[in-house]
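Down below are the structures I want you to see.
Okay, so chain A shows up in both of these, paired with chain B first and chain C after.
Moving on to the complex of A and B:
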């Protein structure tokens, strides 16, 4: 096409196209059209499974070969001692969140101080986090077994009176699993906190030191308040982890035993869905778990907003 | 020493309903509702999406999961495919099968036979996938009774009695384990039983007669006490996987029953599991545990690892099957290891039965295009020369009356084989639906061994798990209701 032809035909073409484009652009449904692919994707990936799980949770197999609908699965779940134990154990596992947070803060502060060999320590602390959970679980089976490395070492050190059946004793199995979770998740918290610390303006710290604040006061009144959002993020992530991401630890280490001493909600769901072929019960627990986690997060958001006087949203 | 009778009396007074024991209370708090900001909404939406991913996983994994594993194997005319399992029970089984195929091909050179060894972990799930797809091997393996009948009820198995002559079947032992509706559905090959092994040296050291092991409950308790006093662990077992408890179940509960139908009655809801005849034996097990007659590591060792304790000479008694007893003899010496039947704990008709089973069973699939040929090959496995070779390679006795038991030279193993092949044999665990076995049987034993539950809670667990199974698996329940198992040799 030559410049001449453009000048001759161009305006005519534009005259024909312009009204069409503006009609499309100005149509009230146009934004929805643009949203449609994303909405369809979300519906398929999130909303359909959600509806399907709720529907399955209400389904009860009937002797005639079909299914009926009702709350039988929920009733069974609420009366099942194993379910109640699982809820209790998940709540107990939440205790590891403050422990992990405090330890991660402590380690990140020590690393931030750039103590001798801090880069090595940083790698050392983070390494467990990149290991697959089953690998960690199996390793700790060998460490924690009654005839495992921990007890053997204790006996060798003349501390035989401290030996325990760490995974076989119903009173110790949950704390033992908690220690493994902390061991692995600590690296994540430490690195997360360290990254945030490194972005704190040094002027703030210098000002505090000039005002005569000691090491503890600097961190208590300057560093930690600066890290509030990242600490909150870590706590939320770990709370969710304690409810919905600890299956692999329990599966590899104890399978919920001895008895139901380390039964947790995820394992309960898995067992019902795949071992006992009771998808209805599994789905009922999944629905309850989802509601519980959403409730916890809702609560956390509210607390945060209340504390910041409604500024958190800005 | 506190006696069993006084213990029993005290325990009877301590019965506390399960609902009182495990009650947990959660405080209820009212939550005010107010509008969410856009930012909070987005945050919650993100969390909601994360939470939704969990049920998504569940939904994604359900339904067609078994179809997704459907095997590529198809039955082709003139070609036999055999999904074979045996090596785990009897090392040497795979070599024997290769030799058997070779020998059969000499007879029928035009026939192509493919043997696919199966792993223990996927034995049930692989065949389940084949059954769901309606295609797979011509011959397959499943453990006797429950797993076999589950496939019978899915129409995945053709009755072997339609393809093998009755006079041949009459030679096989323990066929009752796979009989349903008057037909035999699967073939036994070898036989294993649970013996109580004891270390004669430890008996001797404790001042007990090494050739006179206990036969009654009271004798057994006195024996345990003497052994404990002598400084040795009276009984060792591993129960991390629940099978230590399951083997106690097979040995003790069986003695309370008058018939297998009595057991099935509890399963299908005609009698409660909480009755003494079904779960009363947990009191006895609990007594043994509370007296510290078991190894301290019982809860953190699997059954396999638990066997190693006896093997190292660190305990005086343990449970073992044929191959395990043979291994113990090699480790400790032939003269050191003795065997006995588990002491008498109850007076039911089945107290006389021994805990033996064919373990694995072989069957012809319903979709096979070579059913006659498959039947002929299975029959060939029972020819005298094949059976003799089996014993040479594995050392495990055959489930066949024609097997020459004089080949078993060791007197202890010969005695064990006699127990397994004379009188009645029942491996009671075979008569549990898989879900009930893993959730009630394995877990209840763990409750007792770990001290995290009482015998009453163990009984209640059986009851509630069976109730769930009946509600969730109405089709299975219908099949179990129509099944009337009988005891072999009875």
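Moving on to the complex of A and C:
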């Protein structure tokens, strides 16, 4: 978002002059004083819990009363079918990432043509993203219910044999939840991609057109390669989302059910901590989730560094 | 983001292509808007009418659901809680982030780059990882079922993104004015307050709007820390509301609509900033 021209020449000039000035004017502890309020909140909300969660995960009630330390919570976790289901379902949810990416690319490419009314389409497509997930979830409970619009529409189209209990059928519940996630997140991808496209110079596109490339070829070989970093960013954000931000969907729509058929890691953690009163098990799974996310980020940074420089996160 | 426009002519899409594009975009717009349309029409129907049609706008619009929702649930109370929680946490997070970002953007000190990348990397920590220890802590200090419990957590969780956005913005501001003010004897805090902040309205609004959306819509933390009826936020209360009145679709959709309207208003006012904040994360 920052104008590239200013940020390019700015730091070089500043970096040369600043140390002198700051040593003259600021006490050495001044910057840390400025950082203090933020640091206090970060220590309380991130650092302390991250340490505590590891400790709690290793804590086991001892037979003699009191607690001892060990890997019992992790052992329980590995043998719990609900945990395995949760991991599997989070992995299945990852399937929505390529679907969303392709759809968001398609819609942003269409919007990029800036035909009449494109700003309206853009606003409409983005709207679901501003809705609270529980609001979306509640609405889709009704849309997916036995006499909801999805089934009614299927019947009206003469496809009555396709009507299903979308959130009640163990085999369909996960794809149904996935569709709701895609419904809400697609607007984010579309806006993100469109913003980047707007800054792509058109010379190459024109050249490709003059050479007789068709719509698909132009975008496949000219536009999309230039969008590489933003696509990568979106994929990373959404992969993280599928592991660590889908609780609200599952909580509002299915509470992990029927059975374990929509159990996911976040819900498993929440349920163990607050329904089954086993903070130890919840913490063990939380640690595993944190390690998995860190591993993913590490991989992504490695891949990214191999290609170019730049910052990655959300 | 700035150098836009004028891509249109260059591409000169064929007529058939244009029609096809419109068709696809109209179809996806209908899908995107239908659930909202459904929410709105259902909120103004009585149950009989709802059962007879879920597609048509209400023939006999009624405010009965609205009255009932306000009378039966604690929606207004929850909404007040949400307003307080959102306003206080967003303001506190922004204040803390402004100070931190100013130091990170404008001062030279050992560990600066490490601190910045450390703060930025916290954005990927899943809240569910933090929630168990924080819950035990809040129980210990007796803050469960009070608004400060979630406010503290929301401030902490929104600081990394705010610091990231503001640091980038401050770094791109021209340093000359600040320099002149410093030479004239203005303190760093004075420079920040009188010169940097007035120039930073877009970045501040971006950070405020993005965080306000996030806090207002947050479920997990609100659910865990606010378990008493009086302390709930609107979005968390809504899930409870749904459990209570499940078979009364119009009533539940009225609650959903009430929870959505403030964010729709914020979106209409701050769409620009919201979108800028989302896009800013992608870097460069």
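Operating definition for what follows: the second predicted complex is superposed on the first by the 249 of 314 C-alpha atoms of A that agree within 3 Å, B and C clash if a C-alpha of one lies under 4 Å from a C-alpha of the other, contacts with A are read in each partner's own complex, and residues count from 1 in each chain.
Quick note on the criterion: a residue touches a chain if its C-beta (ideal position, glycine included) is under 8 Å from a C-beta of that chain, and two chains touch if they have at least 3 such contacts.
All figures in this text were calculated on a predicted structure; none of them were measured in a lab.
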Which superposed partner A:166 touches (first chain B, second chain C, both, neither): first
Touched partner set for A:240, first chain B, second chain C, both or neither: both
Touched partner set for A:259, first chain B, second chain C, both or neither: first
A:282 touches, of chain B and chain C: first, second, both or neither? both
Which superposed partner A:298 touches (first chain B, second chain C, both, neither): first
Touched partner set for A:49, first chain B, second chain C, both or neither: both
Superposed model, chain A: greater residue contact from chain B or chain C: C
Which superposed partner A:290 touches (first chain B, second chain C, both, neither): both
Partner chain(s) touched by A:83 [first = chain B, second = chain C, both, neither]: neither
Intersection of the chain A residues that touch chain B with those that touch chain C: 42, 45-46, 48-50, 52-53, 56, 148, 240, 244, 269, 273-274, 279, 282-283, 286-287, 289-290, 293-294, 297, 312-314
Contact footprint of chain A on chain B as seen in their complex: 18, 22, 24, 31, 37-40, 43-44, 47-62, 65, 239-242, 296-301, 435, 438-439, 443, 446-447, 449-453, 457, 460-461, 464, 468-469, 471-475, 477-478
Footprint of chain A on chain C - complex, ascending: 1-4, 6-8, 10-13, 17-18, 21-22, 24-26, 28-29, 31-36, 38-39, 42, 54-55, 93, 95-97, 99-100, 102-104, 106-109, 112, 115, 119-137, 152-153, 155-157, 159-161, 163-164, 168-169, 171-172, 174-175, 179, 182, 188, 213, 216-217, 219-220, 223-224, 235-236, 238-239, 242, 249, 252-253, 256, 259-260, 263-264, 267, 271, 274-276, 278-284
Chain A - residues contacting chain C, complex: 1-4, 6-7, 10-11, 13-14, 18-19, 21-22, 25-26, 28, 30-32, 34-39, 41-42, 44-46, 48-50, 52-53, 56, 106-107, 110-115, 117-118, 120-121, 123-128, 130-136, 138-143, 148-149, 152, 183, 186-188, 191-192, 195-200, 202, 205-206, 209, 215, 229-230, 233-234, 237, 240, 243-245, 247-248, 251-252, 265-266, 269-270, 273-274, 279, 282-283, 286-287, 289-290, 293-294, 297, 310-314
Parts of chain A lying in touch with chain B, wherever the complex brings them together: 42, 45-50, 52-53, 56, 60-63, 65, 72, 76, 79-81, 84-85, 87-88, 144-148, 165-170, 236, 240, 244, 254-255, 257-261, 269, 271, 273-283, 286-287, 289-290, 293-294, 297-299, 301, 305, 312-314
